[in-house]
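Below are two complexes that have chain A in common, paired first with chain B and then with chain C.
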Partner chain A sequence: MAISQSWRRAWPGRSGRRARRPARRHRLALGTLAVLVLAVVLVPLIVQLDQQLVDLRAAGLPPSPAHPFGTDEVGRDVLIRSIYGLRVSLVVGLVAAVGSVVIGGLVGLAAGAAGGLADRILMRVVDGFNSLPHLLFGVFIVALFAPSATAVIVSVAVTHWTTAARIVRSEVLSLRGRPFVDAAISGGSGRLRVVRRHFLPNLAPQLLLATVLMIPHAIWHETALSFLGLGLPAHLASLGNMINDGQRSLLAGDWWSSLFPGLLIVVPTLAVSALAQYVRDRANPRWRSELML
Partner chain B sequence: MLEATGIAVSFGRHRVLDGVTLSVRPGEVLGLAGPSGCGKSTLARVLALLLRPSAGAVAIDGRAVRGWRHRAPQRTSIGLIFQQPRLAVDPRFTLLDVIAEPLRATRRPVDRAYRLAEELGLTSELHGRRPHEVSDGQLQRACVARALALEPRYLICDEMTTMLDASTQAHLVHRIEAYRERTGAGVLAISHDAELLDRWTGGNVREWDGGGTRKREGGAREQDGGAETRSPSALDRH
Partner chain C sequence: MTWIRIVAWRLAFAVPLLLAVTSGMFALAKASPFDPVRQYLGERAMVTSPEIMAQIRANWGLDRPLIEQYATWLGNLLAGDLGESRSMRLPVAQVIGERLGWTLLVVACALVVMLAAALAIGTLSAWRRDSWLDRLITGTAFTTEAAPVFWVGLLAIWVFSVSLGWLPAGGLTDAAATTVTVPDLLRHMVLPVAVLAFSQSSWLLLFVRESVIGVLREDFVTGARARGLRGRTVLVRHALRSALLPFITIMGARVPELVTGAILVEAVFSWPGVAGTTIKAALAVDFPLLAALTLLATLAVVAGNLLADLAYTVADPRVRVLGVS
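The block that comes next holds the complex of A and B.
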């Protein structure tokens, strides 16, 4: 500890200032996400939203203390609907991101660990999926189902697993050639044990990062599909539906009905990106240790 | 006996080994000397059943090896100690995890890991440290303990002491010699340092010669390849 402290005194630029400055940014990102998550969890418990309710007397009101985000063209409160919409988008984004990374991770792991013919076949399947325009393919998949959150989740997961598959495969190929994997095999470890004890823990930061980065991307897809009228049912409050509805009001000068749902896509995306960087750094065992030799 | 006959290994068009024949008897300590990049480590990986040769055969105690890597059930009969301990351990493992890994993989009691750590001079405060928190010498001690964990019949030390200080070199060689004397295991010591090999093996050194190996001439002491017991103190001078 004494060595560590004197080292810090001698090199404050390396361990002191540089270590603290990103932490504030990460705390801000975590705080923003915590507020948003609390809002989507608590607000629906306090305020019940009638998705079908229309109040034409309150249509197109600008932001005011009674309606902080204003009201839309049929008099619905934009703040409450945005929070409900964010809840739907977060759930869809999270489940779709986890789904795509699990599918991609399994394919990449199988391709990298098995090698040979299995690797070549699986990678050609990945190339095949990549050759399809993924938004168009996503539209095709949702069109097979009735508009629902499940259809959007399946669409995003099925069209986005290839990135995770490529990342995981290349990492596994790199890990396979490392002497510590040779040492594990030499020590009697079987294929599954090597995957469980060496590949998965060393892949975890990449998998976590891929999941975290996929969440905002999946939310964009949900909003894009809803914007095209193919995602969630039109009356349901979702960020995509709200922006879609709001574009008509924009011509009348009602900027708030699009801006606030749009900000609720951008702000969590930025916060998630900042947190992803933090998660990646924390996953490195060197950063976890305070002992510097 | 650990026997390799006519081993050839190619990486693409580049032929690294071409018809190498080598054998290590139980109880014998055999040195293999050669310049860097001549294929010694590749031969070590073949002998440890981690790399399938493009030609040739390996036999362990008279039984021909048919599978390689995961498919080689005999692989635990051969312990391999790598040149660079930093690359040879999972950066997420603690030193004790490193030593216990073969014991866990083969479902043997992990208590032995504590005893091995103690024998190799790794004190209890080092047990929970990760590779980046210890020196190269401490890490190589853990790697030697790991290689000895399953009591292999043959031990391959691939440039084991390169980049280590003289006292750690002497300690590790001393431990391996003690293990050889106790169990009668065969040891193949690979190094570019002919002087070290000479002292370790008492002159039983094969020198890399083009595609194969030949008996080193003018070694410190000639040894007929039997299970000679040598005093490790001879190495303390290094």
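The block that comes next holds the complex of A and C.
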């Protein structure tokens, strides 16, 4: 019986068919991110949002050369507002990601460096935080502390630190067994010195990657909260607020005012995960599973 | 009996977790700058005398120390009393009781759809690995994974309700309907269930694909092929079956994401379930209701993990013998 074509595809390496060369996706991803970051930095310098005042004569216009993303229900250009919104979301996402990695890094460092009972307790705490539905916890925090950028950032940071804690802990555990750490300890270095001089510099790449990977999560969380009316103040052009505002126009058939802000969440997220995949394939296989998104 | 040990272990973890979550909620509520009495009275707070406000405060037990408030709440909870919802002016148990069924209905249907779709499409994708079909499937899955569920829901409303007019945009029944009829309910369920299943199934699909591809490389698969078994038989009976094992555990671990998805889907489609009520409770700073709903969600997560562990012992004989690591 001849081996079927589909079997051959499912079974690479023995079928004579060469495995597909990895696409140069990371270049496209980097390029996309660069364009978006440039837009976020440059557009506010050129177009002031004050000029985007309500203009009812231009309300609800579909995409056209003058307004590539159309206009919203009060006549504001969706493209410009989306770029402003992306800027707000990026800043909130970046701060929240840094916050969560700092918390997670400290916990992971403490757990990994202390070991023993402290390690086990801290890891149970990590498990505990992982069993909370993140959005619900965020809703709880924001509801009790008035919707604001700070409340959103805090709620993202305190719910998303567990991934970083796991990565840092496993990295510290492997560093602890290295000869240069043994040498430092037998040379009389204290715990703090070992952490500062030997652990932190070796952890830097992982921490950086964890932060970059956390940004899309943080943005997602921010937009979800804003969409529910529990995020950033409603007057602020953020991607979540814009999708929320676009809801009414959408029911009237004006799809563009929600579609484009959403695309500005999807595209950078895809770009970041493509980059992460690229880095992961070239990095230490041990923390692959920890970084799975 | 391994499963008794598993249940005992999970419960030993669940009790401190629930205590930590609930006491954390009370600590946050205490730190909150909002005055629940003013929130409750709304505009009437302007014209209500301080004595009456103090009276309400005393009725709710807010004048007592935090520990005492928490102990009272916990005691009432164990006695089956969840308190009174401040925004809906109804017992919390009644608010949840009326809505829990609708949430479970949507989530259960979505789970069935997503399991069936992810298993079938994921296996197909692994089988036709590197074909245009596989690339289309994985590309769509990665995009769905990146797309916020509420945005997908809005786009679905735009396509199927606004443009095509096939399905209603939200709610449980037609606005004019006075009773819930099955055909009407089914029509209203299609979009929420489909969106929830669609947004949750992408990671599952990718996971099934990865593990089937992994198993297809194993020796026993080669052996089965060498013995002359049909390709399809090997795929479904050998490869898919082994690939399912890690899948059961990961299902249990995804309950938090399912809760998040349910909250957003119910909010988009104005579905009258408990998850969407959470948002209303949060916007009204209705602490008793919010606390009960948070507790409920945490319980769902604990139950999900427990069920996954138990299912794993049934599915994998090795665990039954060796115990959980």
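The criterion applied here is as follows: the second predicted complex is superposed on the first by the 232 of 293 C-alpha atoms of A that agree within 3 Å, B and C clash if a C-alpha of one lies under 4 Å from a C-alpha of the other, contacts with A are read in each partner's own complex, and residues count from 1 in each chain.
Here, contacts are C-beta pairs under 8 Å (C-beta built on N, C-alpha and C of every residue); 3 or more make two chains touch, one makes a residue touch a chain.
Note that the structure is predicted; figures quoted are calculated from it, not measured.
Chemist: Is A:Arg191 in contact with chain B, with chain C, with both, or with neither (first, second, both, neither)?
Modeler: The first partner, chain B, only.
Chemist: Between chain B (first) and chain C (second), which, if any, makes contact with A:His235: first, second, both or neither?
Modeler: neither
Chemist: Which partner does A:Arg248 reach: the first (chain B), the second (chain C), both, or neither?
Modeler: Neither partner.
Chemist: Which partner does A:Val139 reach: the first (chain B), the second (chain C), both, or neither?
Modeler: Second partner only.
Chemist: By residue count, which of the two partners contacts chain A more extensively, chain B or chain C?
Modeler: Chain A has more residues touched by C than by the other partner.
Chemist: In the superposed arrangement, does A:Asn130 touch chain B (first), chain C (second), both or neither?
Modeler: In the superposition, A:Asn130 contacts chain C only.
Chemist: Following superposition on chain A, which residues of chain A contact chain B and also contact chain C?
Modeler: 293.
Chemist: In the complex formed with chain B, which residues of chain A make contact?
Modeler: Those residues of chain A that touch chain B are 178-180, 182-191, 193-194, 197-198, 201-202, 285-286, 289, 291, 293.
Chemist: Hey, which residues of chain C end up touching chain A in the complex?
Modeler: Chain C reaches chain A through residues 13, 16-17, 20-21, 25, 28-29, 31-34, 126-131, 142-143, 145-148, 150-151, 154-155, 157-158, 162-163, 169, 213, 216-217, 225, 228, 231, 235, 253, 255-257, 259-260, 263-264, 267, 278-279, 281-283, 285, 287, 290, 293-294, 297-298, 301-302, 305.
Chemist: Would you pull the chain B residues touching chain A in the complex into a rising list?
Modeler: Residue positions touching the partner: 45, 48-50, 69-70, 75-76, 78-80, 82, 84, 87-92, 101-102, 105-106, 129-130, 132-135, 143, 146, 149-150.
Chemist: Tell me, which parts of chain A touch chain C in their complex?
Modeler: Within the complex, chain A touches chain C at residues 1, 3-4, 6-7, 9-13, 19-20, 124, 127-128, 130-137, 139-146, 216, 220, 223-224, 227-230, 243, 246-247, 250-253, 255, 258-259, 262, 265-266, 269-270, 273, 293.
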